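First chain A sits with chain B, and in the next complex the same chain sits with chain C.
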Partner chain A sequence: MILAGPDALPEQIEVITKELGLDKPIISQYFIWISNILMGDFGKSIINGYPVFKLISLKFVATLELAISGLIISLLIAFPLGILSAIKRNGIIEKFTTIFTALGQAIPTFWLGILLVLVFSIKLRWLPPSGRIEFTENPELAFKLIILPAFTLGVYTASVLTRFLKTSVLEILTLDYVLTARAKGLSEWIVIIRHVIKNALIPFVTVLGLQFGAFLGGSVVTESIFDWPGLGRLMLQSIHTRDYPVLQGTILVVVFGFVIVNLIIDLLYSFLDPKIRY
Partner chain B sequence: MNIKFKLSIILLLIIVLISIFAPVFSNYNPLEIQKGKQFLPPSMIHYFGTDEFGRDVFSRTLYAGRISLLAGLVAVIVSALVGVPLGLISGYYGKIIDTCIMRTMDSLLAFPALLLALSIVAVLGPSSLNAMIAVSIVSIPNFARISRASILTQKEKDYVDAAVSIGASDKRVIFFTILPNCIGPILVQITIAVAFAILVEAALSFLGLGTQPPDASWGAMLFSGRGYLRVAWWYAFFPGLFITLVILTLNIISEEIRDKLDPTTVT
Partner chain C sequence: MKRQIDKEIVLSVKNLIVKFFTKNKVVNAVNGINYNLYKGEILGIVGESGSGKSVNVLSITNLIRPPGKIVEGEIIYDSKNILNLSSKELRKIRGKEIANIFQDPMSSLNPVLKIGTQIIESILKHTNINKKNSIKRTLELINNVGIPSAKERYFNHPHQLSGGMRQRIMIAIGLSCDPKILIADEPTTALDVTIQAQIVDLIQDLKIQYNMSIIWITHDLGLLAGIADRIIVMYAGRIMEEANVIELYENPKHPYTKALLQSTPDLNDDSEKKLHTIEGYPPDMTQEFVGCPFFDRCLYKENICNQNNPDLRQVNTAHNIACHIDI
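Let's turn to the complex of A and B:
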């Protein structure tokens, strides 16, 4: 009805229904879709007729770029804060970390994005408020354009990771092997790096994998705030225009990515902890 | 009880109460369009300024709180009422029932939460009610997993054997004997889930898929306000501040309850 318009004749609606295969039972529609997907055919957009797979591959790079930048930001914040706040307890770093983790987990991504635009783009005029260009075109502008979205996306994960890392390091510091390492006369930094951080990494990596889901969800919101032309915005546009083939294809790709990342994380365990073998 | 916890409860209560009694605290009708009063900055007359139609942002924020808080609460009640029994039944009976229920829950968890909520709203259509339904469905697996984990540790205990031996029915054993002993973790999950539900509902409304104009929810106000950042920062600022405060206080409260239940946690 939406495609044909409100004044469509019954014959026109019938033609469109047949064309889209909507006259078949739901279950056969589903199997047709699945078998097409398995053959690499994601269908075509019902709005502009563009192949869904091509559309997704065009937008995928932008989302990947944003996700990696967000990840880098969150690791850059989480590593020093998490470790230092656990080692130097009751200091100014720990106080700052406590406030950062509490706020980071409470501030909604969309509000943080808006605040950053308000301060850094509108008031201070340091960074552009929205858009994306290729790094090859203008590296400086591309870098400036990605800072705010990456930070918006990265802060929540950074606060979760910081808190987790801090808790793991605190727990490990009380274990016997740390006492042994210290008793051997190793310097404090070697104890921290070789014995504490390495063991804290295993649960850290699990949380990192789970946070990838938050990245994917967050990217829809972040891309919408910063007009970032990625999968999140494509998904949102397809919801508003009811372009179901595009929506189904995008969700499939994103969820597949989420599952694959978690599989990689599982496999990473055996590398990080030789006791784990599959 | 530490000071942070007490302050959080007080702040949360204030926000909840001023939202419930919005007509008492606000001097303006949240839907009243006032010509010539567009984009007035915060002042003693309009505490949070006015929006593009001259509507009072303070009144709208309070009234929006009703929708946002209600959405969070309803979503959590529905998901707990579905998720907890599913988890309890799954853990109590085990075997094929457990496999069927928990694999279904796992498949729901395979989707990142916001994406699943988006997909559900995409199918049902954008509206406040559908956003609530989406948030409820997304929250079910966590309740199921937590109550399953609790019942697995409880069902081996003697008091359960005692209840079974005096001839209590399965329904009675699960819901009246074991459930009261699993309430701690479920309570923690409820506070976490309320915060999560308010956040997801706000995100959906912010993306234009939840509460629809002229009604206001905090997310929907942010959605409209972000278009006017250059001329009226207050429009998007205050609803966001309220969301943040509610989430922050709920997070602190849930942590405190969790610490009370599990004193071994190091933070």
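Let's turn to the complex of A and C:
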């Protein structure tokens, strides 16, 4: 109906229905779709006839790029803040961390994104406000373009990770083996680096994986603000246009990405936790 | 079983007061204790749970963490007050001069580090021995605490070892730098009985081999009878009685010690004597005692006991009690 338009003749509708296989029961439509996917055929966009797989791959690269940058930013923030605020209690760092984690979780992403654009692009003119180009084309510009969206995406996650890391470091510091380490005469830094951090990383990677998985779904808000051609926006568009092959394909890729991330996390686990060996 | 005690003092604890400043109350964990540790002796410390034994010995190497604080006192080692040392000087004593073994071997080792790493880091920290020889020494230590196939164990993680073996590893860590003093805080409480006996034997052997002084904490007076030279009885963060081991068992002077001995099963005694339990509750450590902290539970109490806190006084050669009453 949507495709053919409101003035379509009944014959036109019939042709389209046949072509898309909509005359068959919904179950068999689903099995046809699945078996096509298994053969590597994601179908075509019903809007522009473009192959879904190609469409998604292009967007996926953009989303992955942003997800990794967002993750790096959140790690760069969470690691020092989480650990230092746990060690130096009641210091300036802890105060800053408390404020950061509270704000980071409270500020809506769209607001932060717009604020960043206002400050860094419009006022200071340091960074371009939106768009994306390939790193291979112009690395410097590509880098400048990704900073603001990555930051926008990363801040919330950074505050979640910071809080989580701080709590687990604080907890580990009270454990017996830390007392053993101190009783050996090791310096506080060695105690932290050798005895505390590796243990703190074990629960940390779980949270990290979940956050990264969420990034892979593409952030509709961040991608929209910065005109970033990723999966989030693709999904949004395909919902608007009722482009089901694209929508289904995108969701499939996102789910698949999630599974892969979980697999990587499990592998990381076995590396960090000697009790788990495959 | 007469032991020679060399009367050279290696460690003096002077008027030690430790409190925990928790959110809603102050816990008076250790309330002004004084004692010496002599060269080559095993000094036993007994007392009920919560009587301040661990806090006492953790203070020796200044390992008390907030909210705990050493409010007052001196720990004299090598004619210096450990509590006044810079953190760098302090770290040279911890693990090198004075080593600790803790109660629960299941939680005292780091789960993610190899056994070898946890022993060798001490050696590398405190000695100039190179890496290769440190590894050799680590393997010797593992061997020396009675664990076979040291080379394999070196690369094991704690979860691959039994509780008894882990405690042996803790002992190996303690011995790794030839300490002058070994502090064993209930080293066998978490282990089952046969393993307990093995660990006790091991520490006694190693004491002679390494020529150490040992502070041995336990709930178990029966255990101390066999190994200690002198015993300190703690109650409510205070020393109640201090005497050499034979004197304490044969001629206990403090009502608390008497009660404690009556509640300790004697394995050599076949008679069906009934074990006594000490009436009443352990003291509330948030309370500041004016009188004797054992007052409520004491069978010999008199009026003065509730008004005046007794100081430690000598009743016999090398036998002190904190009690107003002569019994």
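A few points about this structure:
We take it that the second predicted complex is superposed on the first by the 271 of 278 C-alpha atoms of A that agree within 3 Å, B and C clash if a C-alpha of one lies under 4 Å from a C-alpha of the other, contacts with A are read in each partner's own complex, and residues count from 1 in each chain.
The criterion applied here is as follows: a contact is a pair of C-beta atoms (placed from the backbone, for glycine too) under 8 Å apart; a residue touches a chain by one contact, two chains touch by 3 or more.
From a predicted model like this one, the values you see are computed outputs, not experimental measurements.
After superposition onto chain A, the modelled positions of chain B and chain C are compatible, with room for both.
Once chain A of one complex is fitted onto chain A of the other, the partner contacts of A:K88 are absent, as it touches neither chain B nor chain C. Shared-chain residue A:K18: touches no atom of chain B or chain C.
Looking at the shared chain after the overlay, A:K54 reaches neither chain B nor chain C. Once chain A of one complex is fitted onto chain A of the other, the partner contacts of A:V259 are limited to chain B, with no touch recorded for chain C.
In the superposition on chain A, contact of A:K275 is made with chain C only, not with chain B.
Once the two complexes are overlaid on the shared chain, A:W111 sits against chain B while remaining clear of chain C. In the superposition on chain A, contact of A:I122 is made with chain B only, not with chain C.
Ranked by how many residues of chain A each touches, chain B and chain C are led by B. When both complexes are overlaid on chain A, the residue A:I225 reaches chain B alone and has no touch with chain C. Once the two complexes are laid over each other on the shared chain, residue contacts for A:A181 go to chain C alone; chain B is not touched. Superposition on the common chain A brings chain B within a closest Cα-Cα distance of 12 Å of chain C.
In the superposition on the C-alpha atoms of chain A, no part of chain A is touched by chain B in one complex and by chain C in the other. Only residues 110-115, 118-119, 121-122, 126, 199, 202-203, 206-209, 219, 222, 225-226, 229-230, 233, 236-237, 240-241, 243-245, 247-248, 251-252, 266-267 of chain B touch chain A when the two sit together in their complex. Remark: chain C residues 61, 63, 87, 90-96, 99-100, 102, 104, 107-113, 118, 121-122, 125-126, 157, 159, 170, 173 touch chain A in the complex. Against chain C, in their complex, chain A makes its touches with residues 175-177, 179-188, 190, 194-195, 198-199, 202, 272-275. The part of chain A that touches chain B in the complex is made up of residues 102-103, 105-111, 114-115, 117-118, 122, 163, 167, 170-171, 213-214, 216-218, 220-221, 224-225, 235-236, 238-240, 244, 247, 251, 254-255, 258-259.
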